[in-house]
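Next come the structures, one after another.
Both complexes below contain chain A, partnered by chain B and then by chain C.
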Partner chain A sequence: MGRYLLKRLSQAVLVVISVMVVVFVVTRLIGDPVAVMLPLEATEENRALLEAQLGLDRPILAQLGDFVVDAVRFDLGDSLWQRRPAMDVVLERLPPTLVLVAAGFAFGVLLGVVIGVVSGMRPGGWVDRAAVTLGLLGVSLPQFWIGLVFIVFFSVGLGWFPTSGSGGIEHLVLPAVVLGLPVVGRIALVTRSSMIDELNAQHVKDATGRGVSRTRIVLVHAMKGAGIATITIAGWELIGVLAGGAVVVETVYAWPGIGFTAMQAIERHDIILVQAVVFVVAIMVVTINIIVDVAYTMLDPRVKFDRVS
Partner chain B sequence: MNSVSSGSRSERRASAGRLMRIVRDPTALFGVLVLALLVSAALFAPLIAPLDPNKQDLAARLLPPFYAEGGSSQHLLGTDQLGRDVLSRIVHGARISLTIPLVSVTLAGVFGTAVGLLAGYRGGKADAFIMRIVDTLFSFPGLLLALTILAVVGPSFWTLAIVLSLRIWMVFARMTRGLVLSAREAEYVEAAALVGASPVRIMLRHIAPNLTAPLLTLAVLESAHVILSEAALSFLGLGIQPPQTSWGLDVAIGRQYVFSAPWLIIFPGLAIAVAVLGINLLAGWLRVAADPQESAKRFAAAADAPSAWSG
Partner chain C sequence: MIRSDHLLEIRNLEVVFPTRDGTVQAVRGVSFTVDAGESLGVVGESGSGKSTLARAALGLIELPGRIAGGEILWRGRSLLDKRAARRIRGREISMVSQDPMASMSPILTIGAQMTEVMTRHLDIGKKKALTRAGDLLEKVGIPDPGRRLGQYPFEFSGGMQQRVVIATALSCDPMMLIADEPTTALDVTTQAQILELISSLQKDLGLALVLITHDLGVVAGACDLLKVLYAGQIVESGTADQLFHRPRHPYTAALLRSTPRLDAKADRLMAIDGHPPDLRHVAGGCSFTPRCPHATTRCVSASPVLQPSGPDHEYACWNPLNDRAVQEPPMGRGRA
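Let's look at the complex of A and B:
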């Protein structure tokens, strides 16, 4: 277990470093960071000054080395917009994102599992058809659009929730639900599918033959098998929510997290702050991957630590 | 998904039977009809659209749709803040919103399949190396990285198409590799190798037929993902740029008028939703049709394939 974790951790560090190398290559080699950051009316002197300030006048490999070493030390440079360390800005904006992601993800997984289990118990029935339709809608509707439609309907029309911003729990409801909707859809479809497989599996049929109650069969025997598939998908969903959904939903609702910050930084041409957000999200993504792998290994005795690479 | 067959005549007959079955499956039929409608809208946009999508008419600004008070049959879905016809913009928007997935999925599919074939057939160190890269890319923070790249490189049709294909080629590589590995172990493939068939012949004659159905299903499914990503990126201002039109871009424009003119966001968004739903229904049906085991679950649709994806 210890050796396995160590191996996974070193892989994770490699992933984060390669994300940062990609960001570096894109910003320094394909793009022109100085041109992006400077206003249109900037002079040659402004340009030279900023280049020197950012160390862009030095050899490219030296820049790459410094960039990676600094990133490993959690030093991404000063945000041009806020004029203080970019990491400080990101860490300050991280808690709202974590609250939103936790709420949206919990909503998505809980509702998704319930819908999946209930519809998987009687495939083809009307409950099942309704659930599958709902699941399909969840994965087909664009999140930013649902977010705006909810604002039109629930905030403007019914006046139940504020249109945007943060504060009490009433600010959290709409963004969390919108963030969780695709999760509900996918988790429901996957849970349903593996539920049907499990209920048809021999060990479950044996249990039925032994006279185990239906409730117990569904909740204990079938859920155990279906749970593994659900956890794998849930890990993917959490990553999607963090690295994609949160940016979109935070922007729609002006939720002051790191996704909204990234969009503000892009508008203000603050590449350094954007890089810091990418860095922190990359770290969270690899951490989730490790947690999912470990959970998976613990739940499924057929998977051995040394076999997972 | 892993059903191995040699692509024989009986399979071809089965696929003709499948075409008949799509007519009998109402959800799949719905998906196909919706897609046919949208594709013809894209192909014949200038003929179908009632007005020029970029023609401004400041006298007719922010007119509501036909069903609302003040709406007219001249602008069925109303007009935007510059007096442009919303319906015409949606019809024309279909062109870009459907071309982007076509281009991105083709690029990603061709490249990913080639890489997957190489890894699966070569095996050994080449396979280990390629799959390590693929695994690493799966751990990349998808949409956020795409945003960063587009912000630096500058958004345009082609940068958008390429960035989106960079996000999904690994899915094709991974699936192709898996299919090649399982097909290689099939007895008829081993038999072909024993009687001295060349690797190229084995690849094309015996392994490739097993790849087409699952890879096509995957391509359909991934195009739904690409439509959603293009829409999200265009909505965030880093996708399609004016004067080009796309559904996501139109929602972004309408956002400023969300309180006074909600139809500006509702209809373009509905177009995205209907397109993605149609594709998901078709992909779900394709998967079920290709796999008899799945037929029992029938309704169990596409979306549970893990992907590098969300948003």
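Let's look at the complex of A and C:
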């Protein structure tokens, strides 16, 4: 276990570094930060001066080398927009994102598993058909659109929740639900189909023949087996929520997290801040992957660390 | 309560499975009884309805399949009542199925799967159940049961795993064990060991045993009485001795000729020509007619019913074989 984790951690460091190299290249392709920062009437000299200040005049490979070396020490440089360490900005904005992601993900997984298990128990029944329809809706409706519809309906129309911003729990409800809806859909569909497979497996039929109760078969035999597939999907979903959904939902609801920050940074061509956000998200993503792999081995005794590695 | 003096009594059982292309009549009017301590062998090729019969006896026919007629009585109570069947399954009647590796959940320990039945049916706690599970493993010949209880099915060989399944089936002291092809998935040497284990446990515990198989060799030594099943019907029934040496039904005789034997000299095994009938479209008359070397017009028009031929021996055939016919297989319809 220790050796396995060590191996996975070193792989994770490589993954993060690769991601940073890609981001470094891409941010330099999408626009010129100096042009955005300077007033329109700035001269060529002003421009050269600022480039020198920011170190943008140096050879690109030297910039990249410094960038990676600094990033490994968690120093991403100063945000061009806020003129203070980009890591400070990201770490300040991280807690609201974590709260939102935790709430949305928990909502998505819990509801998804419940719907999946219930509909998988009686495939083809009306509960199942309703659940599959809802699941497909959750998966296919775009989040920014659901977000806006919810604002119009629940905030403007019914006045139940604030339209945007952060504060008490009432601010959290709509963005968390919108963030979690696609998760509900996918988790429900995957849990449903693996429940159906499990309940039709020979060992479940034989367990019935041995006299194991239906309740225990559903709650222990089938759900533990189905849990393996659900955990895999849940890991991907958490990554999707963190790296994708949060950006959209935070922007729609003006939620002051790193997703919203990333959008602001991109609009302002603040490449340093964009890099810092991606850096932090990449670290969280590889961490989640490792956690999911460890979770497998707890659910499925057939998977052993030494066989995986 | 319907009167029945037998442990298990099946009367005129009919099981059907509706499919898109018509209704499969898997079991067609089967009747038999099993008494306490008795062992019954049910022999038939695949598709003869033998597994369906086993599942029906445990109240395990799943939708869309259903019991279309007849009665299954367990000590006088009907097992067609799902609640009664649930109470009896695992507690009074237990089951061992074909593939031991697929028979238990791959992700729960042997201990957990052995005790879950006991804590439900016997009034004992988890700790006591675990001790009992260890004793049972020892009884079926698994060394070091304490360590084994914490292991998973994939850590056992096929034969060992089948022993675990048998131990689990016996954990609540059932009165009857239904074993559906318990040795088919195992290699030959292991087959013999498992059969021996089932036989000795049956005798030691006074169990009633229903042994279902396609292999006449399997049931020969283990069962008091054999029933030959063809196309969902019993075509012949008798002791192993009667069926092996004086079969009356041509199907039984053909089945014997297609089984490899050590005690008889035979250059080639005789396959039975043709296929079992399509049970979605059952015609009148004897189902074996198209494959039968002795078929006459009467076989096409009318179904033979079981009729006695000495003590315990019954057959359903219009043109039964006599003793001589067996020694000289009639007409060369068989081929290797």
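A few points about this structure:
One rule holds for everything that comes next: the second predicted complex is superposed on the first by the 294 of 309 C-alpha atoms of A that agree within 3 Å, B and C clash if a C-alpha of one lies under 4 Å from a C-alpha of the other, contacts with A are read in each partner's own complex, and residues count from 1 in each chain.
Convention: contacts are C-beta pairs under 8 Å (C-beta built on N, C-alpha and C of every residue); 3 or more make two chains touch, one makes a residue touch a chain.
Since the model is a prediction, treat every value here as computed from it, not as a measurement.
Per the definitions stated earlier, placing chain B and chain C onto a shared chain A by superposition produces no clash, and the two fit side by side. Counting the residues of chain A that each partner touches, chain B and chain C differ, and the larger count belongs to B.
In the superposed model, A:Phe24 lies in contact with neither chain B nor chain C.
By the touch criterion defined above, A:His221 reaches chain C but does not reach chain B. Contact with chain B, but none with chain C, is seen for A:Arg192 once the two complexes are overlaid on the shared chain. In the superposed model, A:Tyr4 lies in contact with neither chain B nor chain C.
In the superposed model, A:Gly209 makes contact with chain C only, not with chain B. After overlaying the two complexes on the shared chain, residue contacts for A:Thr232 are found with chain B alone; chain C is out of touch. By the document's definition of touching, of the two partners only chain C reaches A:Leu299; chain B does not.
Superposition on chain A places chain B within reach of chain C only down to 13 Å, the least C-alpha distance between them. On chain A, the patch touched by chain B and the patch touched by chain C do not overlap at any residue.
Chain C makes touch with chain A in their complex at residues 55, 58, 60, 86, 89-91, 94-95, 97, 99, 102-109, 113, 116-117, 120-121, 152, 154, 165, 168-169, 172.
For chain B in complex with chain A, the residues that touch the partner chain are 136, 139-145, 147-149, 151-154, 224, 228, 231-232, 235-238, 248, 251, 255, 258-259, 262, 265-266, 269, 272-273, 276-277, 280-281, 284, 296-301, 303-304, 306-307, 309-311.
Residue ranges of chain A in contact with chain B, taken from their complex: 12, 14-15, 18-19, 22-23, 26-27, 30-31, 33, 36, 123-124, 128-129, 132, 135-137, 139-145, 148-149, 151-152, 156, 182, 185-186, 189-190, 192-193, 196, 232-233, 236-237, 239-245, 247-248, 251, 259, 262-263, 266-267, 271, 274-275, 277-278, 281-282, 285-286, 289. Of all the residues in chain A, the ones that touch chain C in their complex are 201-213, 216, 220-221, 224-225, 228, 299-302.
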